[in-house]
């Protein structure tokens, strides 16, 4: 039957949904029973250590560390690929480890280069 | 390896302290004792040396209304005002006595130093918080009251740490 | 017919009546519970204004440990705090900031004026740069005198504040 | 004290409606409860223990409360119960709340002080309740230029994602919310949501400090995800399964930490980082960026994020236990269920109660497994909490360096150890386990 | 009974000090100490030798030497003090207002870390700026050359003197307000004509 | 800023002065203006204390930092011109209430010289004991805040608790926890209480034992070392050039301690050891005060031994003492933060003509913008607080 | 049951795909894109390919979406929204879309796959791992090369070694 | 009635159409990237669906490879965006055209 495996995973969604259903009312109730005063013009300004905020709030990007995010996208793929291999390791012949080692070697090379690049903070 | 030993030493030190005695003085139940070894406090009259951070105590039968305390305080915090008191004292012809505003007083004790007639003293009654500013102004009648002193805790040092008790 | 009945006014009357009933039914216990929660969870905002902050620090040290009363020292952001302990002198440069901090905090919020300086200006009553007390800029709930107050006095002030919150009315339910 | 507003406002109306719904529920419970029994005669009832539950039987609960036990038992096998109560949300939230309290008390003890003490008569036991009540009655401030939908949704989603994470953790044999073949991969998939929620929440506040914190959190979580994933590969290789229950069951003799200590250490460190605990709490570093990405969250939003954080903490600790410490395996300490309760009932003095045919609600294995699991989880949580008292916070560049060089290297060492163990025949088919 | 010593009874003249017609304070120190310490004397001699009557020795006490300079020469003298005498940092810069002389004195206390023979010594370099009755800080004649390029450590001190006395330091890169509120519009507060209330 | 264009000769051109070398060259590109963000750190900020730092950051690096003190400027120097020599005491110790004996010390020494008073021998010893105790109290508080700035909450609690041992001693001695007003021209206000020596010795010994335990959790903690080593390096030349003082100076390798170099009161008779470290980084700056505390314990023990067991502690003053005509003195002492000078000008009236406190915090502040430039944002709290800076004192 | 889930997923996926392209705000667009990706992951679940589904969530939602969000936040200038699309172009695009949909859909509906249905169990996920290192191993190596190349290339692209050129751009 | 191959195929076709529409109409690089992602997903969906209905594990393997390559592509594409943004402060394709001249 198509789609029978999906039922197992539905509980995760159920859990997720239950948390949403249980927590959203908490916010609503909180909003209902909490006092509110609107009269204050500065109250809703962004908080900035007792100063009236200046400038744009969303301009901080640690570009010095940007390569790490780029690396993450690629090596995340690699790491989960390894699971496909690792979980079936007991069933495959030993010789079949070699391609995986080759794959790892290539990735190590790339990782070494990437780490070297990201270590040079001045170019980011 | 130095890093690993350092981390383990730090963790060890932390865990060791979980077994140590607590240092906390449980304040509303226990209060620090101001008598005993090394303290300069006279529990029978309730007065301490000038410099104790507690409210003042005024002996009505000594005060002559000479205003010297008020003058001394003027250079510090202007906390003392001289007010009329209803009773008559023979040493106090003008019937004025100091009234202290603890919202201003900084507990420096210069007024105690200044009083030549041994009428004003500092005590160790420090529980002065109040809901209003007016509640902080102590009239001569209030200043006359001898503070109730129930302070009995002091630091005890043992092998497993210092505690109060 | 029915359209005439379901007008905003009628709905409002209906809701208001229900709200009243509700208020009577569970408003009181809920208010009590909320007040109880507020009493035991006073988080002071992290604003140091002058030297009294030393004794404020001492009050949260192991010896006096205000966390026993649910007061957490060194809380991060003012958006999560409910108590301003004005720790001493407010200079003219600091006053607008203090006001801003107070304004930006969420309701309900309480103020403790700690130290002679915060109450009346104290030692600096004649200084050119010091405010004579903070009543002028923010409403104060409890005054803690001293220069600086002993941590015991501060704790006593916090207990007074708890007393005061207990008597305050929690917000109406509806 | 009438509350009639001069003008009709939809929000107020909805608010009042909600109140009324609450009120109606109250009435229903009082009046409607007896009515339920009437209805019982009309609707079809479930089969329990091969026996149809008749309305008559159902009504006899009133006479004999023990007869409700089969129904309870039947209910406990449903998904709803698992999600809401036992291995799911309720249990995790309880443990999370306990963690918060224990953290405060333990930290206080380490620092030679008392911690919460007066709230609740005994040792401040009600402190959390006080905090919760306070938070729920606290105003929620939405900054003026914030992106409102995302700002509102982020705390809820955070809790929900943490709850979804909890769903994968097996507590006792058979007691897991989602018993899936690819549990571990599911965990990775769920972990991937946290950086997104964090950065969206930080971005939506439109304020400087939250955004710095969010960016830091993003970098931190993202770069520790890879060592996290890699460090668990060893276990998967040795077990040959991605099902967390199977992995736990496979450790009945040795927990994997005996063979893969390196992986366990790496996983522990990455876990600390993913949880933003000291020494890796850079996204919330007060002394640098106020409260990091939590800066603009006020009132119950903050409370929800805290709840989510501690749910996540529990889930990670549980994952550590399942993967490295043998899950529910352990010596049997819970005594077997007294059989005479089923047949003769229990006699205390003059009163005899029972027999209880519905019992036992839980099997002995399940109770023991839960006990073992909770004990081990408690131990792991202790070690997660301990660094908070011992270490200072580290810096973001140190953190990234640590994650990308040292931890990934160690994780690969761990993989090769596992490979070596497998191919040398120590473990795996024909080996020890 | 504890012993409270009451040494200072009546202090009645705290506020009104009209009894003494205060002598106009002048920089010239009349009474030199009886024993002039030798080492300190040698320091002041070196300066006098270099600059002649451009400088004036205020006093030579134990560990303290005071040099009074006119505002034209203060930069040169300071450079000589640094390069020739091995003093290397300024401990404090204080202004003193002398309304009677219509001058504001700026006093640099200069010390040395590097030279251990000078460790005890403080060289007091005093100079005077013209005082304005109606000051407009920064835009009037109350000016002095900055010593920041000679002694880096005076940077914040000079900023402070600027806002407290209105002495503008020419050549100082960053003559902004430091301690006072941003909206301070009164007289510079440490001038003598700035009186505080009730006193 | 600035300061890199120094045209002067001699000492200043020998070494590399420029902090610019620390800036990664990519960051010198300030024209990519969107990358630069201005942060207000303070005054309501857990990592600022009572001041504001205007910090410009590019990603994780600080491009410029402009300290903005003055939030506690209370005009003490102006007030001092309106009070006589005695009444000045309470407010002149407020700048650093937890180091109040030391902050009052130069003023008292100076006014003694102006008023021409001799101090009894026993009073001098009492002063030394009080001042050393106060130094420890100050450093413990400083250490506590340093701990919390580094995110180490235990390191806030332990010092803050253990310092109470010494506060207890001070309380026994003077009656007050922090603001003692104990030193007056002519001696000290109160004699030591009976049996003080034993209590003092016991608590100081225990205190010393306690602070030695901080090594494992703090000073030898590898994470702390990795975090503070090589951050905010102040070279020896720069330390001298900026005129820094106290622990900042000694951490940069300058052996300068006024208790040794210019001993006041009875320090000549005591054996004082100066702690010097070469590195000049945050770690060294944070370790020096700790070593200082151990040294202070030694000094206290010596002083307790050598102190005359009885005798007067206060020379009586005339009422309303006056100076002898126009006079000026500059006295300095080594406080918990460094050399603290007091410049008193008297014109022969009952009030001083001008009192100027040259406070170490204010002097160390000059180093801050230079140290922070090119540093990572995460280092800001540790570098800032390692300067041994107490904002209230700097503002006066 | 499966049908209801299928329908819901289809609506979510297609709806959020449209939203991803049409929402004004790029941030919301990215969130909608996440919805699309998640919806496709849901289809994978329905197709009994949980490994692919979880891989999709972990990689697409967990990392690619993060990267996209980061970039979108970085390039948040209002310039992005300034250019208004050509109306005609838009209609042409819609027409193209409809043509493709209708023609391809007709082809599929017409073809034999309409009748294909299966009752066989789904392949086990372990087969994938075995496939990887046995039959498809050259592809695996190629895959490694592509990934390595992409990380190298993107790093080389994104860095700013040519600082002077950059200044010219200002 | 359970869902069948044709249903999945139709969804995939719809996604493909939307993707092509986006690619054709949108002038914003990031949007175009979105469109590409949608197309890739449509393809993946087809692959996996056919793999399921003609039971063969190759479908899933193909999909895995495809996702991985998509990740690589996104990494490179976003780097390109960053570079372009840094140089032109704009993410409009029309402006990139000026690169030619």
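A, B, C, D, E, F, G and H label the chains in the order they appear, each numbered from 1.
In this text, contacts are C-beta pairs under 8 Å (C-beta built on N, C-alpha and C of every residue); 3 or more make two chains touch, one makes a residue touch a chain.
If you're wondering where the values come from, they're calculated on a predicted model, not measured in any experiment.
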Chain H reached from chain E - shortest hop count over touching chains
3
Between B-C and G-H, which chain pair is linked by the larger number of C-beta contacts?
G-H
Averaging C-alpha coordinates per chain, one finds the centres of chain F and chain G separated by a number of Å equal to 61
Please tell me the distance, in whole Å, between the geometric centres of chain E and chain G computed from their C-alpha atoms.
73
Whole-Å gap between the CA centroids of chain A and chain D
19
Any idea how many Å lie between the Cα centroids of chain B and chain F?
28
For chain E, what residues touch not just one other chain but two or more?
5, 7-11, 14, 180-181, 189, 194, 196, 199
Residues of chain C touching at least two other chains
34, 46-47, 61-63, 65, 68, 74, 76-79, 91, 93, 97, 101, 104, 106-108, 123, 126-129, 147, 150, 171, 173
In chain G, residues with contacts to at least two other chains
2, 46-48, 50-51, 55, 58-59, 62-64, 66-67, 70, 73-74, 117-118, 122, 125, 127-128, 132, 143, 147, 149-151, 154-155, 158, 160, 166
Which residues of chain H touch chain G in the complex?
1-11, 13-22, 24-28, 30-31, 33-35, 37-38, 41, 44-45, 48-49, 51-61, 63-65, 67-76, 78-83, 85-92, 94
The residues of chain C that touch chain E in their complex are 91-93, 126-129
Given the complex, residues on chain D that touch chain B span 106, 109-114, 117, 386-387, 389-391
Please name which positions on chain D make contact with chain F in the complex.
107, 110-113, 208-209, 212, 278-279, 281-282, 285-290, 388-398
For a test of understanding, state which residues of chain D touch chain G in their complex under the given definition.
147, 150, 180-182, 185-186, 188-189, 191-193, 195-196, 199-200, 203, 218, 222, 225, 242
